[in-house]
Amino acid sequence: MSCTAGTNAMKGKKKKTAGISVLTLLPLYLFTIVFITGPLIYMFILSFLTRAETWGVVNEFTLRNYLDILEPIYLKTFFESFKLAIITTVFNIIVGYPYGYFMAKLNDKWKKRMLLLIMIPFWISSLMRLYGWIIIFRANGVLDRILMGIGIINEPLKLLYTYPAVAVGMVYALLPFMIFSVYSSAEKLDWSIVEAARDLGAGRWQAFTTITLKMTLPGLMSGVVLTFIPSMGLFFIADILGGNKVVLVGNLIQEQLMKAHNWSFAAALSVVLMILTSLMIYLYRRITHVRDLEGLV
Amino acid sequence: MKKTTGIILVLCIMMGLLAGCGAAETSKSPAKGGTLTLFTWEGMFPQEILDGFTKETGYAINYNNFDYDETMLAKLQAAKGGDYDLVIADDYIIETVIAEGLAQKLDKSKLKNYSNINPIYQGQFYDPNDEYTVPFGAGVQTIVFDPEQVDIDIKGYTDLFHPSLRDSVGVIANYRVINGLALKVLGESYNTEDISKIEAAGEKLLELAPNIRVIKDDNLQDDLLSGEIAAAVMYTSQVTMAKMANPDLKIVFPSEGIGFGIMAAFIPSNAPNAEAAYAFMDYLLRPGIAAQYFEWLGYYSTNRAADDYISDEYKEFLTLPSDFAGNTEMIQMVGAEAEEAHTKVWTKFKSAAGQ
Amino acid sequence: MKNRTRLPDIFLGVVTVIMYLPILLVVFYSFNESRITSVWEGFSLKWYRELFRDKAILEALVNSVILAVLSSFSAAVIGTLGAVGMTRVKLRSNGIIEYISTLPLMIPEIILGIVFLIFFSLIGLPFGMMTLVIAHTSFCIPYVFIIVKARLAGMDKSLAEAARDLGAGEMRAFFDITLPLIFPGIISGMLLSFAMSFDDVVISIFVTGVNTNTLPLKIYTQLKTGVTPKINALCTLMLGVTIVMCAISAYIGKKYNQKRLNEEESL
């Protein structure tokens, strides 16, 4: 009677809501299909073409580019990129998670200030900030002077153009991503739940691991994704702070494009990088069983 | 919080739009004589030269930049030789530009100051009959070292391999130059297509790797001046800056052989305003202007008439020494297989240097 | 909150100081008389003077700001709508589209740049601000999308449902309930996008047009001739402007809130 009429009316309304919701998907779908799939398909095709003598490609199918990747020296670059990405992500979590978490606990006034404080460095050219790090790390630079002044060391550390310098630079560049992601997730946390748990007798650490950590997990995960992915491809930090001595896949791709003029090999390298990175994210998702980031490969 | 962030956003957008309108006013308004669309690296000219040109000829300058010659070629190809009026780039890429039909032959009657060019920089491999280009700077890669930090007397590339220089040598990130360094030590040509020779050079380079502290192109002279490295293989412009800052540094023309390079200007085949290009080249060929240009740039003067105008403190750096007897060779593009061998060698070298 | 230690504040303080250290050095060396950073030749404003004479750089700065604003805005709209839509409507194609839209992050910029260059020439788009915005939006969308989606994931869906049960239309439920809740996520994504776009050089070099120069482009292409402290001066000024703008907006916000409080009190 009136019940069925009610449910039918609800069904009608649900149909309407579904309709409008689909509209919200439209911009993303359109943009992705037109402007991203197109170039990507071209890149894919490029990786199967043969290089011309000095410049460009000819329309000849070949698997050579992919086979070339199996050279030990090139495989090593993938390994190096992977290693650096893991190190960067781990340190990013160590520094970035507490930062985002503490930030979310501040009062409103300070929250706003901190958000801006973190953003402002980002609007200064990353190249210039790297030069700043060079000044800090170089022999008798800022770091050396401070440490020698306090008396911890007697000789310059010679940190510049070493692997640790690169790691610091990478973490520095990607930290805001982690901070923002964690903050975004932690900010909406209902602290009263945590207080309730504490009132019920849970210790600080226990309350943290069972409630806070779980509820900020989406933020942490998206932070990991936003850190890991770029650090696989970033290479100019390794170039500048590492003195070009750390060879990553990104450097290799740039060299193949710009110096060796081997576009198709560069495309093949990029495709492989893309697949590997996607695989990493997929595995990561499976291992951590996070259902909340549904659909995120 | 919503309100304040909203206000910041609005302010940003307003500022952007206002400034955008302001800039549009000044730039889009066509200058009296039209516009010169220049395409080269940033920072090639002191502002006085650019402003002087505009004031004198009425052409506004639209200064476009690229980072690598290869980027320039990719963009020029995409534009089918159009969009740009004047391009200044490295010698080897110009050979490809001409081969791809992207440059137009020069009408020398439009260049009154053409005779100022120093002939030894003409008739080179990339433009044997000087039909397409005008040289605007030349350089060699030399070894520079700090005698206070280095015990041995460096005379050539071979000395860089000395164990006393462990972890204290810097080189530019130019793979042809550095691979070429090893090739020269083995007595070969920079441009050999023989894979076995290139691989032998690679093996030799691995011996140099423990001495390498840094490989980079930009501002390498800073590392020499700050004491990070004791010896370096650098570009001419960097050598100039280093020596001006520290006159005690020693410059060495390597005994094994020297890589020679020229920067030259050409007009793309479909340049929208070729007249402006001719005007600029002619202006830059004037002795006084050219001297200013080379002093700013730090590369060798390719303009004979300008040599007299260069101030004394720069003269040493901007002209090849009169008793110069080294064997020079220009680095040219090599075939695909040789390129692959080169990049493999280079990658192994960098990786070894990082251990 | 009970017994808050000073530890969190100390941590935040130390990390923030370290974050700003390189920037302070950039500012410091903008006043260096010498062109090279390894030598300090005394205090000087000459690079500021040079900066103001270089109209091209200032124009490039303006272009960069406009580009970043447009890109982050488009990314915010497309990304947010996409994230919200995907949470509500479970189409099978959602997963694939989501994956593809985040691919620009996984591919090194250099190859992305060349591929965009060729693609845009193939479909005949004129190179300039438009191609720049499209290319920049493509690598900004993932930031907004991922962050907003994470925020939505933990959101209480029953709130929006309750609103609709109470009779609110779809749009109203979105604007009044969902949007304010995910707003911090959108803002985070936008700010990150702005920074990414503002700093991008590799993709920009390939897809820009002849009349559109961006700031990072000018800076990076100086590498062959050596980056001059003119850029330090520019960065210092930008830092100053940003700080001033934030201070102004904070001041305006405070006054606005004050006014509202007064109005409420007088009721």
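So that you can tell them apart, the chains are marked A, B and C in the order they are listed, and the count of residues begins at 1 in each.
Methods note: contacts are C-beta pairs under 8 Å (C-beta built on N, C-alpha and C of every residue); 3 or more make two chains touch, one makes a residue touch a chain.
A quick note: this is a predicted structure, and the numbers were derived from the prediction, not measured.
When chain pairs are compared by contacting C-beta pairs, A-C ranks highest. For subunit A, the chain with the farthest CA centroid is B. One simple way to say how far apart two chains are is to compare their mean CA positions; for subunit A and subunit B this gives 35 Å. The distance from the centre of subunit B to the centre of subunit C, with each centre set as the mean of the Cα atoms, comes to 33 Å. Taking each chain's centre as the average of its CA atoms, subunit A and subunit C sit 15 Å apart. Each of the following residues of subunit A touches two or more other chains: 112, 257-258.
Counting partners per residue, subunit B has 1, 4-5, 71, 223, 226 as the residues that reach two or more other chains.
Chain contacts: subunit C has residues 37, 114, 118, 184, 187, 219-220, 227, 246, 250 touching two or more partner chains.
In the complex of the two chains, the subunit A residues touching subunit B come out as 51-55, 71, 73-74, 76-77, 108, 111-112, 138-141, 158, 160-161, 163, 239-240, 242-247, 251-252, 255-262.
The part of subunit A that touches subunit C in the complex is made up of residues 13, 16-18, 20-29, 31-33, 35-40, 42-43, 46, 95, 98-99, 102-103, 105, 112, 114-136, 142, 172, 175-177, 180-181, 183-185, 187-188, 191, 215, 218-219, 221-222, 225-226, 229-230, 232-233, 235, 249-250, 253-254, 257-258, 263, 266-267, 270, 273-274, 277-278, 292-297.
Interface of subunit B with subunit C (complex): residues 1-5, 7-8, 11-13, 15-17, 19-20, 22-23, 26-28, 37, 41-44, 47, 51, 61-67, 71, 74-75, 78-79, 83-84, 217-219, 221-223, 225-226, 237-238, 241, 245, 297.
Listed in rising order, the residues of subunit C touching subunit B in the complex are 34-39, 50, 53-56, 58-59, 62-63, 65-66, 69, 114, 117-118, 121, 127, 180, 183-184, 187, 201, 205-206, 209-211, 213, 217-228, 245-246, 248-250, 252-253, 256-257. Within the complex formed with subunit A, the subunit C residues making contact are 1, 8-9, 11-12, 15-16, 19-26, 29, 37, 77-79, 81-82, 84-89, 91, 93-95, 97-112, 114-116, 118-119, 122-123, 134, 137-138, 141, 143, 145-147, 149-151, 153-155, 164, 170-171, 181, 184-185, 187-188, 191-192, 194-195, 198-199, 215-216, 219-220, 227, 231-232, 235, 238-239, 242-243, 246, 250.
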